[in-house]
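Same chain, two partners: subunit A is paired with subunit B first, then with subunit C.
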Partner chain A sequence: MRNEKVIDRSAYKKPVKANRLFTFSRKQLCIPYGLFLVMFVVIPLLLIVYFAFTGEDGSFTFSNFIRFFSDTTKLSTLFISVLVALAVTVICLIVAYPVALILSKMKGNVAMIFLLLFITPMWINFVLRAMAMKELLSLLSLPLGNMANLIGLTYDFLPFMIMPLYSTLIKMDRSLEEAAHDLGAGKVKVFTKVTLPLSVPGIISGAMMVFLPVMSCYVVTDTFSGSTGFTVIGKLIAWSFLGEGGTLADIHGGATISLVMLIIMFVTMIATGGFKNENNARGTNL
Partner chain B sequence: MKKFLSFLYVIIVLAFVYVPILILVFYSFSSGKTTGNFEVFSFKWYSKLGEIKDVVLNTVVLAVVSSAIATILGTLGAIGIFYSKGKFGKTVNGISQIPVVNSEVVTACALVMLFMALGFAHRSMFGVYVGHVILTTPFVVLSVMPKLKQMDGSLYEAALDLGATPTQALFKVILPEILPGILSGFMLAITLSLDDYIITATLSPLSFDTISTAVYKSIALTTEKASEKIPIYRALTTIIFLLTVLVVILNASVKKRNRKGEVK
Partner chain C sequence: MVDKTQDKIIELVNINRTFEDGVVAVDNFNFYVRRGEFVTFLGPSGCGKTTTLRMIAGFDKPTSGQILLNGKDISNLPPNQRPINTVFQRYALFPHLNVYENIAFGLKLKKYKVTYQDEKGKQFTKIEKLSKKEISAKVEKVLKMVDLEGFEKRGVATLSGGQQQRVAIARALVNEPEILLLDEPLGALDLKMRKDMQLELKEMHKKLGITFIYVTHDQEEALTMSDTILVMKDGIIQQIGTPTDIYNEPKNSFVANFIGESNIFSGTMVGEKKARFIGSTFDCVDDFPKNEKVDIVVRPEDVVLLDEDKGQVKGKIISSIFKGVHYEMVMKVGKTEVVIQSTVERKVGESVSINIAPDNIHVMAKEFSSNKYDGYITKKNTVCFGDGEFECDVTKLYPGSILDEEGYLITAEGEKIDLTDVDVDVEVGLKDIEISDDADLGGAIGNIVSIIYKGDHYQLIVRTDENEEDFVLDTEDTWNENDRVSVIIPKEKIKISLKQEIKR
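So, the complex of A and B:
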């Protein structure tokens, strides 16, 4: 009996030793991804910094920043982008919060159906959705311009606000609201003191899904601004790189604006206390 | 009353979301070019879908291939990150979050700089694929990670103790356990890739168009020639919309059946 066991073990262990070259520990499995990230994420980000601080001749200089910050059109585009991104975030939040709250209080199948109704359009290509909204605006004979821009941006980003809010509200402990109510808080007070503070993580991840992408989403503003509307900072970055006919126009200028965008991103991240992956709207899978 | 008002509010927001799409669907059956006057009911624009066949094919092939690469890379990455206790896994995980929060313009333009610095052409199919894999892999990692956390850690060790090689243990124990996460990561990667405009527009060869870039050219450039294809895109939107509805219904009913099965 004992002998048999020993034989067994050696029989099983052998292949492992024979293939020593091909054995690996589990943590080594992330080496390909790690290398990929270094090559295509880390090094390019370092290149942004490099190009932002160098001139055409490759020497260190601040002139790109001086050029950017003394260019009033570029500065005002940056300023408008931040304002517009804030405005669209707030509009989306105001429209989406009641929807998420109402959906989270619906029961079983009804909630499921409404949720699916809100998710379905997210799977239609967002340029096609922008086209749909543009056609509606022209049908209502609303002119292109700033107003159309705001409507278009809200239309494209609204679903990304609803989902994180909903997933936070649905996980919330409802008995807390009841407790507050039983302890004498009115409906308004229950909302402002219990529901709203508890849903802050959802608000933050929803805002992150809208605020930063709006600043770079020049597809929508190109579609809706006509000749009078605003554009966003993403357009300036893309333009710096994509001159006429796809030539490289102004790498150093583009790198500078990219760096400004990266700084805005980090400031937003720090201000909101990081990114909560579990509430990510893109990650919502039903 | 309050219930009615909140129901009404949801309906109004749903109308805001759906009316533009439904108008597009409606006028896709009109023989006319413009929305607003419905000429005669016809499938004229559907019969012209062949004109944008290449664009649709480009989009689908790019999405499927880049998502497949992203799924393999991301699944292995997630397993590696999850089981490395030290700084290494944490660092990889941290860097993996960068493309998630970074704006697509910056991701795309940073890649242009890399290709330039290496002396490559800054527009190439290789670049588009790299861009899409960067965009989608972090989301595969995010989908797989929760399944790894749910998995019983001793299963892998048990497999090794019973004589499986690490490769066998990976394929026969870990992968089947996290398969749902891998599949949802793959689906998520596909939807993200299908939706992308900026990376494709910045990195693809000029002759290469996906649905996003082709439609952008038609609606953002206001020339007569550019808007010629808009009615065909209406037909395309209708088909995509119907397919999506079908997938959503099928998915929901499968999930419902699975849930019922679990109760039994």
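So, the complex of A and C:
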């Protein structure tokens, strides 16, 4: 005998949705950012690509690139920019590492105060800082030029190197250093075999936060170059678009340099593993 | 017989460690470890066991005292110059190196003095490092020992907890240390894995003959593995002994309580090898002066559970829990609870009786500093304890409270509380009790059962008739034993505290 029970299916019906014109969900929170991204990143990017590959008449051409790579002044500016950026990065690293190391070993409030001392420059306007440094240099009767440029850039970008290094070092498990010490390593070996290799993510993010912006940051070099007229590639881009510095406004040329820069940065990022998720030790947590 | 003084591998002499904030982590430690021994530092967190281990390893320096390794003071040597290796609590494996590189880390740093002879017969020494071949042979050997062959190229992050544990042990052992320190190495493993590793470590210790110093808060682990256990509490060594010693002959109630489950009763010696507790007199094997207050430890498995009329002490079962191999039951005798483990279950509410064999009764000297009683507040806001009724200041139970005309307590927040029949803990100092011949003067009446001369005063015990409650007191007056006296305690000297928050 079967028990033929009639089940009232209507009871299982989904509740009727409230008849509203617009239901809000969490996904919609990204709309403002999406719009922003499209307007200020995607469209300009597409415009750069479009202008870089078109001529005055709007037809597709490689001539802009040919022009750029055959212009020795532009190429040498690019080359020197990379060189200066490298030099500044290395100097910053050499200065910042001991600072970050000492800060990370300090205890309690003292560490906090010193850390603040080192990173407050980050909160002061870039140009203001550059101007202040310039005055300081003239007070020390140091002439403007390449040396002043290096000092100024290092001073301006140092906090961006200290922060990622500090946050990597502070997170490091102290028992790893103790373990190395325990296994027979002296103080120097503990540093070279454990502390240094484990802080590589911090070094990479610090280096990228210094190296890439230095190449385009012409405000600082303008301040410190003086009569040498030295400039970074970023300035060339600005000139091309604005038609300053004795050149005619050339949107296509400017777009080409921008694209070349973009590719260089992209390649550096990939080479240093900057896209990997584990290297998230950026100095953004302060 | 082996000369034990020759056999000491490491000795701590008057070691003190006070932290910068004034906390005394280690208070005057004196002990030694014999070569090849498996020693465990056991104690609750904050007892100083890890600090002691860190001082032996060299990560921490004693504030004062000496650490002697083979008779030489090493307290100021850095860790890399001590023939001691550590297995860390969270393993501390190098995440940027693979299993092989982790284990070879110490070997690659090792330097040996090798003495050569040139053609002219002149001797000269050279400092040499281990060759790649030697290193790899050593790593292979130790990997085989910890059962991780074939894992050389694996990154440490890809290993399970147990495997990481083995790598950490291998990394320390491969350096052939004289002493291996293990800082709660099994804490992060699950129970089954922990039990397996315990036996494996014990096996390794036997095979290698290296001295192991092990830190744990797990008493079972300590009992399973050690040759010698050092029980610590608040930076003070409580007892040093073999696992059986510590289990069977705990020196004080802390050790008894920390090592395994135990019943700790408050008792009195009433004759030669006779102790009185839970309302009955038992024969025991420990001898203490007559009438001395003692702590009595009885392991739950040593209580023999019998039918109602067959045992020495009668009681009622108030709880029974099945624990797998046995039942754990609680029997109530008067106000005291006795925990019993037995394979035979007795139902809750059943009247039973117990016997305890003399050699299962462990008697310990009681550190006596004050009288403690269970009491309750009466309607008149007096307190009843020790077979007597005493006046007391109930407003002390709640700071800032006052009594109204009807006898209710008004708290600082203005709440009205009826204190009648509220259970309280009562504490009275030894010097705060007076006695008198006049039976009407005091709150309780009893006989003087003991008089001990303590150099400049007498310590008396007054025992009441009904529940045999004892009042211990210091006095400079002379009394005689069996004098009948009343106990007087000034109102302000009775310290009372609530057993639990009053439900309002």
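Throughout what follows, the second predicted complex is superposed on the first by the 249 of 286 C-alpha atoms of A that agree within 3 Å, B and C clash if a C-alpha of one lies under 4 Å from a C-alpha of the other, contacts with A are read in each partner's own complex, and residues count from 1 in each chain.
In the analysis below, a residue touches a chain if its C-beta (ideal position, glycine included) is under 8 Å from a C-beta of that chain, and two chains touch if they have at least 3 such contacts.
It should be emphasised that the depicted structure is a prediction, and the values quoted were computed from it without experimental measurement.
With subunit A as the common reference, the superposed partners subunit B and subunit C fit together side by side.
Of the two partner chains placed by superposition, A:S70 touches none, neither subunit B nor subunit C. More subunit A residues lie in contact with B than with the other chain of the pair subunit B and subunit C. In the superposition on chain A, A:G184 makes contact with subunit C only, while subunit B stays out of contact range. In the superposition on chain A, contact of A:L176 is made with subunit C only, not with subunit B.
Judged by the touch definition given at the top, the superposed model places A:V194 against subunit C, while subunit B stays out of reach. Put simply, subunit B and subunit C get as close as 15 Å, counting only Cα atoms, in the superposed view.
Subunit A has no residue lying at the interface with subunit B in one structure and with subunit C in the other.
Contact residues on subunit A toward subunit C in their complex (touch as defined above): 173, 175-176, 178-186, 189, 193-194, 197-198, 200. Within the complex formed with subunit B, the residues of subunit A that make contact are 9, 12-13, 15-16, 19, 22-34, 36-45, 47-48, 51, 95, 98-99, 102-103, 112, 114, 116-136, 138-139, 155, 158-159, 208, 212-213, 215-216, 218-219, 222-223, 234, 237-238, 240-242, 245-246, 248, 251, 254-255, 258, 261-262, 265, 269, 275, 277, 280, 282-283, 285-286.
Interface residues of subunit C, counted against subunit A in their complex, comprise 57-59, 78-80, 84-86, 88-90, 92-96, 105-106, 109-110, 171-172, 175.
On the subunit B side of its complex with subunit A, the touching residues are 6-7, 9-10, 13-14, 16-21, 23-24, 27, 35-36, 73-74, 76-81, 83-85, 88-89, 92, 95-114, 116-117, 122-123, 130, 133-134, 137, 139, 141-143, 156, 162-163, 165-167, 170, 174, 184, 187-188, 191-192, 194-195, 197-198, 201-202, 206, 211-212, 215-216, 218-220, 230, 233, 236-237, 240-241, 244-245, 247-248, 251-252, 255.
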